[in-house]
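Order as written gives the chain letters A, B and C; numbering starts at 1 within each chain.
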Amino acid sequence: MKLTLKIWRQTGPTENGSFESHVLDDVSEDSSFLEMLDQLNEQLLKQGNEPIAFDHDCREGICGTCSLTINGYAHGPENSTTTCQLHMRKFNDGETVTIEPFRAKAFPVVRDLIVDRSAFDRIIQSGGFISVRTGSAPDGNSIPISKVDADKAMDAAACIGCGACVASCKNASAMLFTSAKAAHLNLLPQGQAEKDARVLNMVSTMDDSGFGNCRNYGECSAACPKDISLDYIAKLNRDHAKAKIKEIFS
Amino acid sequence: MNLDPQIPDGPIADKWDNHRFSSKLVNPANKRKYRIIVVGSGLAGGAAAATLGELGYQVDCFCYQDTPRRAHSIAAQGGINAAKNYQNDGDSIHRLFYDTVKGGDFRSREANVYRLAQNSTNIIDQCVAQGVPFAREYGGLLANRSFGGAQVSRTFYARGQTGQQLLLGAYSALSRQIASGQVQMHTRHEMLDLVKVDGHAKGIITRNLVTGSTDAWTADAVLICTGGYGNVYYLSTNAAGCNVTATYRAHRRGAGFANPCFTQIHPTCIPVAGDHQSKLTLMSESLRNDGRVWVPLDGKNCDKNPNDIAEELRDYFLERKYPSFGNLAPRDISSRSAKEACDESRGVGPGGRGVYLDFADSISRLGESAIRERYGNLFQMYERITGENAYKRPMRIYPAIHYTMGGLWVDYNLQSSVPGCFVLGEANFSDHGANRLGASALMQGLSDGYFVIPYTVGNYLASTGAGTISPDGPEVKEVLESVKERTSQLLSISGKKSARSYHKELGQIMWEYAGMARNATGLQKAIGEIQDLRDHFQKNLLVPGTGDRLNVELERAGRVRDFIDFGELLCRDALERNESCGGHFREEYQTKEGEATRDDENFAHAAVWEYKGEGKTPVRHKEELQYENVKLAVRSYK
Amino acid sequence: MFSSSLGKKYLMALTGLVLIGFVFVHMAGNLQVLAGQAQINAYAHSLQSLPWFILWGSRLFLLASVVIHAWTAYSLIIENRKARPDKNEVEVTKRAGWTSLKMGLTGSILLAFIVFHLLHFTIRTIYPEYAEMTTTVGSTGDVEIHDAFSMILAGFKHDIISIFYVVAMFLLCRHLAHGFSSVFQSIGLRSEAWQGKLDLIASGYAWLIFAGFSIIPLSVLAQKHGLYEFYDPSFFASEASEKINTSNLLNNES
């Protein structure tokens, strides 16, 4: 198939970017979206142009590195799919495909389609852990955890930290990410001791990083390649309110 | 080359205890005076950096990804073994040790493996405490499953994302140390060389992948935790960024490389669809529990719709050849059988490189909904990639390179042949021998990172004393300059071919001659072709842009250059190992039935390669392996 | 408590909840118009004669709710614009609809409506004569009280004003449909298990409020244009003179 690709090019975080159009022939419908970009880059190289920089790594939908907005959708129009798992058979011959970086103030563009998502790391560093020294853990079976709770925690922990929630949110809110990360630990008995501090710190780091506010659109969950539920946002809201009230009265 | 394995005295069960007691300790107040560099942030690197930071050392951790949480450990699906014996089914540390040595086809070091089995139980406790959401039974206790043909249920798992969850556990511990300032995290940094001062590893050179700056970092010890080299085959289940550069550069600086020819093939991957393919996707081996593997009896039927091929015209080759294990035959055996069928022109799908994995029987026996419940996500993934519905039409699978057992040689302390340079996880060679058991890779990474290195690196540091050298020292400057020189050399070739196209060609050579089955003629041919490829690369490579900013093609060119050299080393190792064992199958060494023939008399050793200089033939050394606790025996899966 | 992004959401939710409750009470009060002049006047008078601290307390409380709700909303909108300064070339959504995306717009129009509504019927600066409408109908004893009934009818006899009220109530309905359900999400009491039911309740409530409020201007208009008789026809007899009196105020009325 033949495609026209309208791609965002930007040389650095402070430079202005713009769209560049390329025509790509002979795209196999079996190739993944990133393999299509590989093919384009080989073509650009042959033409003496610089290839397009984009983030990718595992190419099997788990590392969360790939981060493209395709035709306006974070990770493309397919549900529950990362960019690397999106295949070209979902596009039509002759189509124009618009490719942009994940757009948010908290995710500055590094180059072309690569953005800096280190704000997510800072959120985790502020509380997304259980403080346990290596070697000091009790036996794994010493605390029974109901299967329901363990499953819910696992649903939240499935987040791959790709940032599609932020990119798809009209306000660039990071609530789905932050709430999934907090809920994973807050749902487990091991996570109770630091629960309040975790929630307060993670939310305040999230706010300081320049993300927008949640307006309950639900776009984040719709774009999430791992289908993380909005329930975790509700849980974060609840846990945060409790923690704040406790903080006021303590 | 000093290859003393430093195995502690005493009975195998006491070695680690004895060693820990006799190891020197660093005074808690002095720990902050030592700097440690950790390269890689996967299970091994992440766990090591977190634990060493927690102990009070000043740690610098480097990874090429944009965050430590994306290391490729994240992609491991199946599970992690531990000798907890929660199932009361006869498991024990000794049994896990025994299974691992036997599974490794008697090419691993007993003492290391025993320690791994001992640590396995602590890993589970540690991970549970960190909040890893392992699968639970209704009573709230940890669930187990049997994995990879093990006779006991000792595999702990978190759905099909065990690697992800364990990595997130290590990452959370690491994040805590980063927040407390104990660990300095350097993301989007790639290690390009090792710095030695007076024979000891004292630092590394990195490229900042965003700004392009080449920098020197010094420390009292360097830990290399950069994973395996599966991408030497171009197509593998590894992440696109996985590379051999860190380990190969350390090898060039004097670290012995052990058993590079021990590579593992995973039998259930989605076959190659065309030339555009950049990566192979693994599907959980658990599919083999309910799927039957077959190819048409007659190659003429390969292009037919599989559902139109009558039962009597199909060859269920695993069931035929291995009646007792059938479709669950071990990874290497199933993989090779699939290759044989395709070599006989009976393969299916594009390029004739695929065999069917058919669920029709299971679906008619258990119903489609039961199969959907068990494997729904895998079937969905298969459909996403191939566009085919595996409920209606048999899946096509083919083996792919998955894990590499070889790696930098290390002693019992995980120290390479360069003092002060330690190697952890898949990057070292020690625990899996010639073949790794399912669900053991995660165990090894975490054992090395959480429980082994804190003791052994402490012992080293206590013996050498603090004294991080200045990054401006002459030894450091020299290496830094050589790295810069190499970068500008890559940029100056200005030929016509992209690094990726060289990588593809290398991959084709490797897969053809050093893939699932190897022979002396093919390997010799491969070495010649790789040398030609290197010459061509040096003259015709094209790297656009400059070195002083983000330049993906430059990164790739450097990695491919090392893969080329390393590919040659792998072929040499395969050529010298005149036996078939584990993941290394030499066609000359097999029984009449096509079973691997191991040669314990001549090859019960780890082959350790010493780098001799550019263009010079490396030298092969041996570490003889002693089997005092497990009797050498032939594997049989008939 | 309310300084963080979540704190602001709590403020939005809590003030929103107050206003959600208020519109119901207000609507229930208004519907007494349908019961006739005596009923609504008596009700209006009973509200007016509440002890001053209760009357002004509730007024201030409601006013504060509106002000805080609006103020917080605008500060959130400003923050949100800053958080995503660059728009996508292609702006699309998978799940979010007009209702949730345009809360700021519907809210702003509603705010303007509230100001107008207060000036119209409460402070009565638009038509100062409304304040002078008095009657003994609905009064206990023969005391002259404010004739709310006449005022409402007079107010809604203007086509344009009535249509504006109905349109505003439709926007309120849309605002509530998302807001009602969002309140529960923001204070953490929503889950996907009952979100379907909650959304249904929210939607039902929103339409109920729309119907309850709109029926009054619509019924007045219907009777004015001779479609149906809801009220005492004598109140519609002076229609012609009314029109002349106000034509200089609303000169774009046809």
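Some points to look at:
Basically, contacts are C-beta pairs under 8 Å (C-beta built on N, C-alpha and C of every residue); 3 or more make two chains touch, one makes a residue touch a chain.
Computed from a predicted model, the values in this text were never measured in an experiment.
More C-beta pairs touch across the A-B interface than across any other pair of chains. With centres taken as mean C-alpha coordinates, the chain found closest to the middle of all protein C-alpha atoms is A. One inter-chain figure worth recording: chain A and chain B are separated by 27 Å, centre to centre, where each centre is the mean of the chain's CA atoms. With centres defined as mean CA coordinates, chain C is found 66 Å away from chain B.
The mean-CA centres of chain A and chain C are about 40 angstrom from one another, to the nearest whole unit. Those residues of chain C in touch with two or more other chains do not exist in this structure.
Shared interface positions of chain B, i.e. residues touching 2 or more other chains, are not present. Residues 6, 8, 19, 69, 71-73, 79, 98, 100, 103-106, 168-173, 203-204, 206-207, 210-219, 221-223, 229-231, 233-241, 244-245, 248 of chain A touch chain C in their complex.
Against chain A, the residues of chain C that register as touching in their complex are 1, 4-10, 76, 79-80, 82-96, 100-101, 103, 178, 181-182, 184-192, 195. If you check the complex, the residues on chain A that touch chain B are 12, 28-32, 34-36, 38-39, 42, 45-46, 48-51, 53, 55-65, 81, 85, 87, 89, 110-111, 114, 116-118, 120-121, 124-126, 128-141, 143-147, 150-151, 153-154, 157-158, 160-161, 184-185, 188, 190-191.
Residue ranges of chain B in contact with chain A, taken from their complex: 47, 50-51, 54, 65-70, 72, 74-75, 84, 86, 122, 124-131, 133-142, 158-159, 161, 164-165, 168, 171-173, 175-176, 178-179, 185, 187, 210, 237, 239-241, 273-279, 281-282, 381, 384-387, 450-451, 454, 496, 498, 500-501, 542, 544-545, 549-550, 552-553.
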